[in-house]
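Two complexes follow with chain A in common, the first pairing it with chain B and the second with chain C.
Now for the complex of A and B:
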């Protein structure tokens, strides 16, 4: 190898360290602060004293509800839109470009703007208030483009010959979609759902003034409920002495996301570009 | 015949349902734009020009956003200046100098991309801010915000660059090897310039992400409304301002926050169109 190549090889190694060291520090600092607090009780107890003591049980419940409602909206609508794109809009046409542009734009809208919209539209105009429902709906809109794109990719991956065969057998459109297309694309769609779950769990800004801050267990979907990510922010910024539990909650959240990531990896490698 | 007609029924119902969900995506975007516009319009007409002034004192009905716009731009530009070259060089290095570790490193990077922004912010509060505080108090600063953002946008910037390099025809590399060019020379003269537009297009999107990021910046930037005079001064970004004040804002103050949301949306749209242009995609909307 020539000397510029050898030099570049070494410099690259240093650059890699420049990325890996901060990441390692991140994990280490979370563990240093939070590991002492982390226990089974931490997961099973409700928070006390604004989160300074106790655990995160109520937050796991709120997060679960927010996630469930979010998926209940985002998955059917996302799948429908993906089917529309793959079945009724031929690639390369004006309409496909338009819809693609709209989806790109939706994906690029800052999450705080989804928060503003959700607050004004769901919480105030529709009168849902600071509630799990408001937060989950705003969140559903935010993950929608990701869900649509990954499901569309999965649907477009189904071989053309299947479609031709089903047309030759004069299977109805509905039968083709229900019996062949969606089952064939199911692993890819599942990956899309898992990616959407990850995105929804990681989100904070959307929920700040839609789902609200309330720490206790929610009674209904119209009750305010605090998600894990909001809890981390609030403990770290607004509650003196909240840092250990903020870090411990961060560890729980990261652990969930790592598991989801491994699940995606196991299930199916998302084709290139699924992260965009 | 009955089967045919019921089949026709299901099919046309399906087609309508799908069309409806397709329209839903457009409706969501239209709804966001409409809500922000309706909320902001009266204020824009009344105080429009005052927005560009420096004094943000909602208590005294002064809604100048210039310092926070500057804050957003400065923090994001520095983040991009740090993360952009690092991401491009690393992606090129992994692909052409260290192909053996490319897959595991990319897997790790994908994992990094999924880590919540509050956790990046928490890291900033736990490690970065105390560290900067040791030699330039208060620590929560423009620099801290940019470093956290840089680490946050790096994973996607790297993945996008890797994709762009992967789309180059293999014959470029083969031709280079046949001419016995050094790999550094190949990269500098051929590969990076060829993939350049796609890479820059991806970086523009990451710049947009940095501008729109709220939580990580909010937690480490110090949030003082001012033009920073050094890297170690606290700043407040537009996004952080919305998150901080929305909870108690009323009247014109509240509307001013919607105006800043609209501004963010507009800038995002412009950046997105720029990124389409660079990639040479012909979108009707651009």
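Now for the complex of A and C:
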């Protein structure tokens, strides 16, 4: 190998290391501060004393509900929008560029804006108050642009020849969408959904003013419930002595995200190409 | 399959809408009060069975949520202003605001004039105040925080005059900023500062006008920069709301107040 190539390789490696080291340090500091309180009981107990004692069971339940309702709204709507874009708006036209641009802009809106809108619209105007429903709907609005764009790209990626073949066989439009287009694009759509789940789980700002801070187990979707990310924020920022449990909750959240990622990888691998 | 799930959720939603929500109290506002409030709410819930939801977000939010009827009580960590007299304030406790510097900073006291000079940017180096030859990092609170309003009012400052190096939100952020910077100066809730200093954070609480920043001096009314902790409400209190208020001001709650380094109001 010529020396400039070798040098470039080395610099690249160093840059990679420069990215990995802070990530390792971050995890280490979470472990250092939080490992002491992390235990099975931490996962199974409800929080006490504003989160300074007890565990995070109620928060896992709230987070699960928020995520479930968010996906229940965002996935069908997102897929519907993506289908419209890929089927009715030919790529490269002015309309496609406009709609794509608007979606990209929405995706770039700071999440606190979605939070304030959710507070005004869902909590106050629709009278849902501080509730899991308000939070989940505001969160769904936030992840929709990402969901639509990634699903749209997956749908547009299905080869034109498939469409031509289905037309030649005079398969109905609905049959084409249901039997060929969506199954073919499924891995891409799934990746979009997983990315959205990741964003939703990590989101704090949207939920501060909508799903709220309540530490109790929610009885219904109209109860306020604190998500894991909000718990980390509140413990680290507002509660004196909350740092160890904030770090432990952070570790749990990181673990959930990693597991989610691994599951998706495993789930997608055999599916690729084998999809009929 | 998807249809079934949807129907199931719709059912859950409808059923949940049928639940009576009348014996539930919603309290929002000051992030200074909310940890204390959350714990007292927990105790109250265990005793009375009445649910209390505590939401954080700042005193400004407490005021606006109480006005809009979104909350039964707003938590406001200051006295009500003249344009907020449509609300009723219920005093539940007291807290002071402490000037803090890093424990490694040799400065042990500052006069009011010196603090004003620091915050207006006239004094930018610790050396002439008896400290190291280093630039001062001025940590200031964001707008809408009652700690900031009280600080400005006490020192007769206008927010435009302040030249901050760092603008922060919550108390813990102020603690972290000063604990991590030898040359920083900031101001936070006395309770939080004492708690963190006791827990080993490298902080020093400066006396104000010669009065030490302790809970005792706040309690005795000697500490010049103290504030009221209020629950504010609009209109008449419901029965459950006044029950909660009685519970909070009961002398038996004093230990919980002290856990959060606040002073209960003596009845």
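The rule we apply is simple: the second predicted complex is superposed on the first by the 242 of 276 C-alpha atoms of A that agree within 3 Å, B and C clash if a C-alpha of one lies under 4 Å from a C-alpha of the other, contacts with A are read in each partner's own complex, and residues count from 1 in each chain.
Criterion: a residue touches a chain if its C-beta (ideal position, glycine included) is under 8 Å from a C-beta of that chain, and two chains touch if they have at least 3 such contacts.
Predicted model only: the values in this text are computed from it and were never measured.
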Partner chain(s) touched by A:164 [first = chain B, second = chain C, both, neither]: neither
For A:39, is the partner it touches chain B (first), chain C (second), both, or none of the two (neither)? neither
Tell me which partner touches more residues of chain A in the superposed arrangement, chain B or chain C. B
In the overlaid three-chain picture, which partner chain does A:93 touch, first (chain B) or second (chain C), both, or neither? neither
Pick one for A:84: touches chain B only (first), chain C only (second), both, or neither. first
Return first, second, both or neither, reflecting whether A:130 touches chain B, chain C, both chains, or no partner chain. second
With the two complexes superposed on chain A, say which partner A:237 touches: chain B (first), chain C (second), both, or neither. both
Taking the superposition on A as described, I'd like to know which of chain B and chain C A:48 touches: first, second, both or neither. second
So in the superposed three-chain picture, is A:261 touching just chain B, just chain C, both, or none of them (first/second/both/neither)? first
Go through the superposed model and pick first if A:209 touches only chain B, second if only chain C, both, or neither. both
On chain A, positions contacted by chain B and by chain C: 76, 208-209, 236-237
Name, in rising order, each residue of chain B that touches chain A in their complex. 7, 10-11, 13-15, 17-22, 24-26, 28-29, 31-32, 35-36, 39, 86, 89-90, 93-94, 97-98, 105, 107-108, 110-123, 125-127, 151, 154, 156, 159-160, 163, 166, 182-185, 205, 208-209, 211-215, 218-219, 239, 242-243, 246-247, 257-258, 261, 264-265, 268-269, 271-272, 276, 282-286
Can you check the complex and tell me which residues of chain C touch chain A? 2, 5-6, 9, 12-13, 15-17, 19, 21, 26, 28, 31-32, 34-36, 38-39, 42, 45, 51, 53-57, 68, 70, 169-173, 191-192, 195-196, 199, 259-261
Which residues of chain A touch chain C in the complex? 48-52, 69, 72, 76, 123-124, 129-130, 133, 208-209, 212-216, 219-224, 234, 236-242
Sort out for me which residues of chain A touch chain B in the complex. 2, 4-5, 7-9, 11-13, 15-16, 18-20, 22-23, 25-26, 29-30, 33, 76-77, 79-81, 83-85, 87-89, 94, 97-106, 108-117, 119-121, 141, 144-145, 148, 172-175, 177, 198-199, 201-205, 208-209, 229, 232-233, 236-237, 243, 246-247, 250, 253-254, 257-258, 260-261, 265, 272-273, 275-276
